[in-house]
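Multiple structures follow.
What follows is subunit A paired twice: with subunit B in the first complex and subunit C in the second.
Now for the complex of A and B:
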């Protein structure tokens, strides 16, 4: 009961911090909402200068504009979780709170598992309506259904990514310390492997195999298979759901081990200041 | 302050940034690698647009030019524009301002750092495209226009960064806003895609800004695309426009710095 109360306290504190951060900086809120469109525009414009919409449509079976707006929305949601977890120690160090976090009585793994939840909830809620206009233009009456599907899959994909992100956090900081330059290499690599912009079923075999290690890559693939009408057997659908859930669960104890090792190393070496 | 002293100060800035940004912590290598991986994330899906009649070399060359121009904008936004904010955050800006050397000396030391950074990233972009798609084929068909276009690009980007930087410091705007401008500007002004491939409305808007002219000239000089107005007009109007933009930027910077001296900075937070 006490543990639960502690968890709720952390969640409430993190939620208020995120909410204040988002509402205090109105321009940040606007940029957050506009980002899926800007990124989509970037890719579509480069794409159209080297080829054509029709070639894309022929290859993927979907118009590039809604596809990339949707993919960018997915990317922003998943990246939100990755960033909240991976950047947190760096951010805490910069503002001088890392020592307090490490020395606080709350379980560190639990703390890092909770950290991304408020931003995930808030950003999904705030960004979801931005998808609707573009879907209305392209899909008319089906827009609400497609938007709902994309938002749900984005939430699930980001949620399943939490335990993996905490595992990466523990392992990364244990091996390499607070090296933000290297962290900036890990972030886009995770996004490439997730198959958000370049669907997994089109990837080369090696990348496809690496991709299966990320829980959200399976859910993203499932979403694309549904939206792009890729023939898929029920067995394969179930295997994607199964793999995603199993991996997210397997990574939980591993993340606990890695964060534990990192925290111990930090305390022994006195890296908390 | 005489010229020799100014050069000495610029050299000190150059050496300080060389050690801090490029050498220490393998900054240049890791930063450029990170940027390349981000570009891979956004560039690879663009290949899904390729039609069977378009060669891989053509695709690669066009993407390479887009990356080069986009990287120039990145340098202007983050190395030059955001620099004033960073100096402010580090508590150095006041010292730079009251030292009497002025920001020009600081930028004289900074620009070679940007040039080194740009060269490393562009080389990595070439390698990345060669590995993923095909080696880009760079053929200079009109060298004179390439020189004019490049000079225009440097002038326009320096002006843009001075305006952006001074506004960021005096208004206290956040990093995500600068990041957002860094994305939207090259997209909306024909920096990434030839104007000929854009809708007529965007073409007109882009031509009203000084940004489109150098990008169009550079692409034309490399034989990548035609220009929407005649090349000589692009060169003439672009040169006049970029010069006027530089003068405007200087005046804006002067005004904002004088405002800063009277009112102080709005925010000292990092983000």
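Now for the complex of A and C:
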């Protein structure tokens, strides 16, 4: 009961921190809302200059504009979790709050598992309505259903990525030290292997295998299969859900180990500041 | 008797890389602590004094469970700082680097509420405690309660940092240079609170500072630390007593244009100790005679000066300051050396 109360306390604190951060940084708020459209516009412009609009539609079975708006929204939600987890210790160290996080009685792994939740909830709430107009233009009455489906899958995918993100945090920071540049390496790699911009079922085998290690890539694949009407057996659907859930659960104890090792190493080296 | 803080032979080494070129580097081991031992009682303010790199912050960090020692042992309120780190964290209030440590977009009150939640204080209790601390630190009077942290002055930041250290009302406070760079009112406020918390509430306080004046007025006991070792320990008065030949006779003279160097040379020979010119005006000079027995030299000093035709304006005996002791014991350039 006490543990649950502590978790709730931390969630409340993090929610307040995220909410004030978003509302007091107007530019951040505007960027969050406009991001899926800006990115989609950019990709479609580049794509149409090197490829054909109609061949994209033929190959994927969906118009590129709603596809990329949706994919950008998905990416923002899923990568938002990774960003939040990986960036947080670096940011805390920079502003001097990392010391006080370490000094708090909350378990470090639990803390980093909770950290992305408020932003995930807020960004979903803020961004979901921005998807609706484009879906209305392309899908009319089905827009609400499609938006609901995308938002739900984005939430599930992001949620399943939390334990993986904490594992990456612990492992990389243990091996390489706390470095914000890590984000620049991790982001583009994940951008490819999550299968958000390039559906997993179209990937070459090696990439597909790597992609399978990411829990969210399975849920993203499932969403695309539903939206793009890709013939899929019930067994395959269940296997995708099973793999995603199993991986997220397997990564939990591993993330605990890796974060424990990283914090201990930091305490030995005197890197907690 | 149980002590609030016990440190026994604490050793800490840092391994750093020394760059020798673009690709070459060698590992360098820095001995930050070379086996320091001390104890702090409840209700006592103990100052940790030393030059930069002496090991003050390293000691505080070990006791705060933010650094694992390479040797030795330490406990806070009876809990081992390595094996029972989580228990130690519940009984300490820590203040490190007053310049930062809060979220810029949150107000003073919100920041305290955030850390109260992180420390597991229930919301209603936290709100009450935060209000108390804001009043105690006079943050409300400074208008810092609803101001975002990034707009805080250094004084406000330090007060907020001290308030956070007190959030859980811990029996032990570990304060690393809490008044560094502060305006006099803020520094005075923090010093007064530290003393009050120790005297009235029986809290044990370990306090690092560079400010000797501050150490003299705040600390019940001082540990002088240099190059990872404690070089002296005692009350400020005891430490000053230990310092040999540092009391000084300060004499102000009217010279009437006479040769000052000849006087200083003659005084050195006659008194058998160092004599320094500390102030020199057109017709007036001030000399400082360093001695362990000032009263014994008074007669000789006065007779020599008068025989040479100088007129005495004033004469006083100066006691050593803690700064003199600090410089003397840590091998700095002291006046006596």
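As a working rule, the second predicted complex is superposed on the first by the 273 of 273 C-alpha atoms of A that agree within 3 Å, B and C clash if a C-alpha of one lies under 4 Å from a C-alpha of the other, contacts with A are read in each partner's own complex, and residues count from 1 in each chain.
What we mean here is this: a contact is a pair of C-beta atoms (placed from the backbone, for glycine too) under 8 Å apart; a residue touches a chain by one contact, two chains touch by 3 or more.
The shown structure was predicted, so the numbers you read here are calculated from the model rather than taken from an experiment.
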Subunit C versus subunit B on the shared subunit A, clash or fit after superposition: fit
Tell me the contact category for A:201 with respect to subunit B and subunit C: first, second, both or neither. neither
By the touch definition at the top of the document, which applies to A:20: first (subunit B), second (subunit C), both, or neither? second
Hey, is it subunit B or subunit C that touches more of subunit A? B
Tell me which partner A:34 touches in the superposition: subunit B (first), subunit C (second), both or neither. first
Considering only the touch criterion stated at the top, classify A:270 as touching first (subunit B), second (subunit C), both, or neither. second
Once both structures sit on top of one another, what is the angle subunit B-subunit A-subunit C taken between CA centres, to the nearest 10 degrees? 80
Looking at the overlay, does A:60 come into contact with subunit B only (first), subunit C only (second), both, or neither? first
Determine, under the contact definition given at the top, whether A:47 touches first (subunit B), second (subunit C), both, or neither. first
For the overlay built on chain A, what is the smallest gap between any CA atom of subunit B and any CA atom of subunit C, in Å? 7
Can you give me the overlap between the subunit B contact set and the subunit C contact set on subunit A? 25
Residue positions on subunit A within touch of subunit C in the complex are 5-6, 9-10, 12-13, 16-17, 20-21, 24-25, 95-97, 99-106, 264, 267-270, 272-273
Which residues of subunit B touch subunit A in their complex? 25-27, 30-31, 33-34, 37-38, 40-52, 54, 58-59, 62-63, 66, 173-174, 176-177, 179-180, 183-184, 187, 192-194, 197-198, 270
Which positions of subunit A touch subunit B when the two form their complex? 25, 27-28, 31-32, 34-35, 38-39, 41-43, 45-56, 59-60, 64, 68, 71, 94, 179, 181-182, 184-185, 188-189, 191-192, 197-198, 202
With touch defined as at the start, can you tell me which subunit C residues reach subunit A in the complex? 12, 14-15, 58, 61, 64-68, 86, 89-90, 92, 94, 96-97, 99-106, 110, 113-115, 117-123, 148, 164
